[in-house]
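Multiple structures are listed underneath, in structure tokens.
Both complexes shown next keep chain A, but they swap its partner, so chain B is in the first and chain C is in the second.
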Partner chain A sequence: MNVTNQSIEQGTLVTIDGRIDTTNYTEFEQAMNQLFNDNVKAIYLDCSGLTYISSSGLRVFLTVQKKMMSIGGKFLLFAMQPTIKEIFDISGFSSIFSIFETKEEAL
Partner chain B sequence: MKTNSLSFKIISRILVFTILLGAGIFSIYFYFSRSEIEKAARANAVFLAENTIKKIEEVIRPAEMIPDNLSWMLESGAIPKDSIMPFLAKLVRNNPIIYASAIAFEPGVFATGVEAYAPYAYRKGESVETTNLWSPDYNYFIMDWYQIPAVLKKPHWSEPYFDEGGANAMLSTYSTPFYVNQQGKRVFGGIITIDISLEWLTEIVRSVKIFETGYAFLISRTGVYVTHPDFNIVNNHTIFTRAEELEEPELRTIGRDMIKGVSALTSIDLKHLGFVWIYHTQLPSTKWSLGVVYPHNEMFAGLRKLTFTILLLSLLGLGLLFLLTIRIINHQISPLSKFASSARGIALGNFKTELPQIGNSHEMQDLYNSFEFMKRELSSYIVNLQETTSAKEKIESELRIAKEIQMGMIPHIFPPFPNLPEIDLYASLLSAKEVGGDLYDFFLLDENRICFAIGDVSGKGIPASLFMAVTRTLLRSTADKTKSTAEIVTSINTTLSLNNDSNMFVTFFLGILDIENGELSYCNAGHNPPILIRNNQEVSYFNITKAIPIGLFDTYVYTGERIQIGPNDQLFLYTDGLTEAEDVDNKLFGDELLLKVIREHASASPKAMIEAATKAVADHVKGHTQSDDLTMMSIVYHGKQRK
Partner chain C sequence: MENNVNKTFIIRNEVEELNRVVAFLEQLAEEWQLPANTIHSIHLVLEEALSNVILYAYEKGSTHEIRIDVNYTDHQLGITITDTGRPFDPTQQKEPDIHLPAEERPIGGLGIFLIRKIMDEVSYLRSGQENILRMTKKI
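Right, the complex of A and B next:
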């Protein structure tokens, strides 16, 4: 898994490549915690490179979502692969998160 | 000593180096010594020859003075004619070196009319006799000793000769012309001779000794040996006949040079003497040539002896060096073998093993300190390891107990309701770790209704297992016959969500089946939709309303659904540990494969179906480590059985 940050006009653009599973979800969690420390108000998460997510990874997504909700910020996901979207759909998470088809729609 | 031991290696290298160094130094020494000795020998050969010549000349020069003086006395008329004979006798008597002396007059010089007169004085035993040399049988005018100086008008030394019957010794005659005044003119008067014994000459030359076999020799103007250590050669051989006899053509060349009067140092390899240096030079008076023979090998005999002594001493020295080095090295490295045995002791776990006493060498002190350090570190490491191991064992044992407790929480006696022929139920739970976050449960709400649930806590291990325990406890405490599935799930969610700072969540499926009429009500909180198998053949997923997992938002309200199932319809519930089981290439088991397996076993009993799915997953992962908890539950409804 590889997480990269990029500051854009609207906030921070985060790109995830690879898998988030039980063995590496803490890395993802730390990367996101760093953003909170930097007082980021809007996170745009590019999921186009995300190939797998375990429930541990979903938990981190939830934590970010709750955190952003509590500070009145934004957490937007976009460009999910169908398999990932399916996981979000089955678990009902699609109703919790703001998920967009493309980057342009998210921005 | 073993050839691969450290001391042997050190010693052999030192010895080889020392021998090479010694050999090098000695070779240089030997080379320079040789050349110095050779230089000295050459100089000595020249010096010896010159010195011998000088000694000979010291005898010959005064002898030559005698006839020279006599010549003057005759020319000046200082000797009366009648006293010539007694004068000669006295001359011979007074000069031991002179064997005989003669004055041979030209015709008419001694006295008018006297054609030949040669007064002659010679030794006979102890006395000196006189006579007239001339006789009809002895015409001295044609003799070499007379003719040569007469013609050359200068003194002449004859070839040496052996005076048989007279002196019985080697002699040489010195002849010098004299002149007289006749009618106011200086005319040739005759020849004065002295015969000189050459024994003194032999003595002088023979006294030259060089090493063992070196010697000096003298040859005449024709190459005849005048002196030689071998008496048989003297007067019987020339240097040329000698060269012929010894088959040494180079000797002939040397002979020719000697006759020419050349002074030179040459070398020659003689068969009977070996390699020799020969220095030859001429006697200024007689024009004879003196040769000094220097044996080359003997020249270096001293050096050879010295060399031998040095080599012997070096060998002795090397032996001593060898023994001393062995002693020193063995003494210095002896602690090493003691260290080795200490190390074995330590390796066997005996940390009280004493380290060897060592000397004060810096390296050994280092080694000692390192060993001491190793011993301490090992000892503390072992203690740590023991503590860690016991702590780990404790944790493992606690985990085993936790697993037993967790497993004890879920029903695991099958068939669970032997008194209810309407249904058959089977379930299995395989944790990826000792304890897991999956759960299933089933129990009767009343005599007709069975409540069942399956859930998957986010994450794995101990945190998930605690959350699972809480969820299962909440399920048991919340579910009763008065509540709908949606009410039960909503209630559990509210309780779980409060104070859930860790944001853990549970995907949860809850169902209540009325075995009286086949009505199935259910509520799904984000869990994988179960599979429904109708009439042992039609396989499909449940249609479910999307809802989030429980534990996230306390105000979330879940909705329930209901369907009607008929006799022999079967339910298959599972967690994502089944569909997301991965092989080594991270390829998921997947929905397709699952549906295929279920279809193939559509008429199987719940137990057989779960075992088939378990086997299919095992075949898929092919021994790859199970990454997630795997839980399955299957219920078959046989329809109403009781009247």
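Right, the complex of A and C next:
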């Protein structure tokens, strides 16, 4: 898994590539925690390179969403692959996250 | 491919072993010519079930083996996970309420739920010192 950040006018654009599973979800968690430490108020997450997610990764997504809601911030996801979207649908996560088809729609 | 094929894989109760499970599944996908979405589902189900055993079934620091049996017959894929950890029946776990808003959603509790949603049948048996989790899916 690889997580990269880029400051943009609207907030921070985060790109995640690879798998988020039980073996590596803490790396994703740490990357997201760093954004909170930096007082980022809007996170735009590019999911196009995310190929796999298990409940360990979903837990981090939910934690981020809760934190962003508590500070009145934004956490927007876009370009999710169908297999990942299916897991979000099954988990009921599709209704608690803002998920967009494209980056342009999210921004 | 033959009509009835079986494969057994054994891992230790360590999180890093889940990476070996991925390699095992890649080999299985090739040998049994399973579609990518099936492998994706099986990967997720195995990770959820095995991580529960690895993280919670045994005393910390003790090493044990966990056996994974996979079989494919008549368009049905069967997975059996056998461990000798403390008794745990995933089929008795309460399902999370997936309609709650984010503020009220508890963190966690999704792993077993995903297994039950993805697989067609999930059954548990405690036999002697063994937990035996059997899961099947039509493909």
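Just so we're on the same page, the second predicted complex is superposed on the first by the 107 of 107 C-alpha atoms of A that agree within 3 Å, B and C clash if a C-alpha of one lies under 4 Å from a C-alpha of the other, contacts with A are read in each partner's own complex, and residues count from 1 in each chain.
Here is the rule we go by: a contact is a pair of C-beta atoms (placed from the backbone, for glycine too) under 8 Å apart; a residue touches a chain by one contact, two chains touch by 3 or more.
Given the structure is predicted, the values throughout are model-derived calculations rather than measurements.
After superposition onto chain A, the partners chain B and chain C occupy overlapping space and clash. Residue contacts after overlaying the shared chain place A:S91 against chain B and chain C alike. In the superposition on chain A, A:M69 contacts chain C only, with no contact to chain B.
Looking at the shared chain after the overlay, A:A42 reaches neither chain B nor chain C.
Of the two partner chains, both chain B and chain C are touched by A:D21.
In the superposed pair of complexes, A:A31 makes contact with neither chain B nor chain C. Using the contact criterion defined above for the overlaid structures, shared-chain residue A:S55 touches chain B and also reaches chain C.
Clashing C-alpha atoms between chain B and chain C appear in just one of the listed stretches 439-447, 511-519 or 601-609, and that stretch is 439-447.
Chain A residues 21-22, 52, 54-56, 58-59, 62-63, 66, 90-92, 95-96 lie at the interface with chain B in one structure and with chain C in the other. On the chain A side of its complex with chain C, the touching residues are 21-23, 52, 54-56, 58-59, 62-63, 65-66, 69, 83, 87, 90-92, 95-97. Residues 15-16, 18-19, 37, 40, 43-44, 47-48, 51, 54-55, 96, 98-103, 105, 107-108, 110-111, 113-114, 117-118 of chain C touch chain A in their complex.
Chain contact summary for the complex, chain B toward chain A: residues 456-460, 502-505, 507, 525-529, 546-549, 552-553, 576, 580, 586, 627-628.
By the touch rule above, chain A contacts chain B in their complex via residues 19, 21-22, 52, 54-56, 58-59, 62-63, 66, 89-96.
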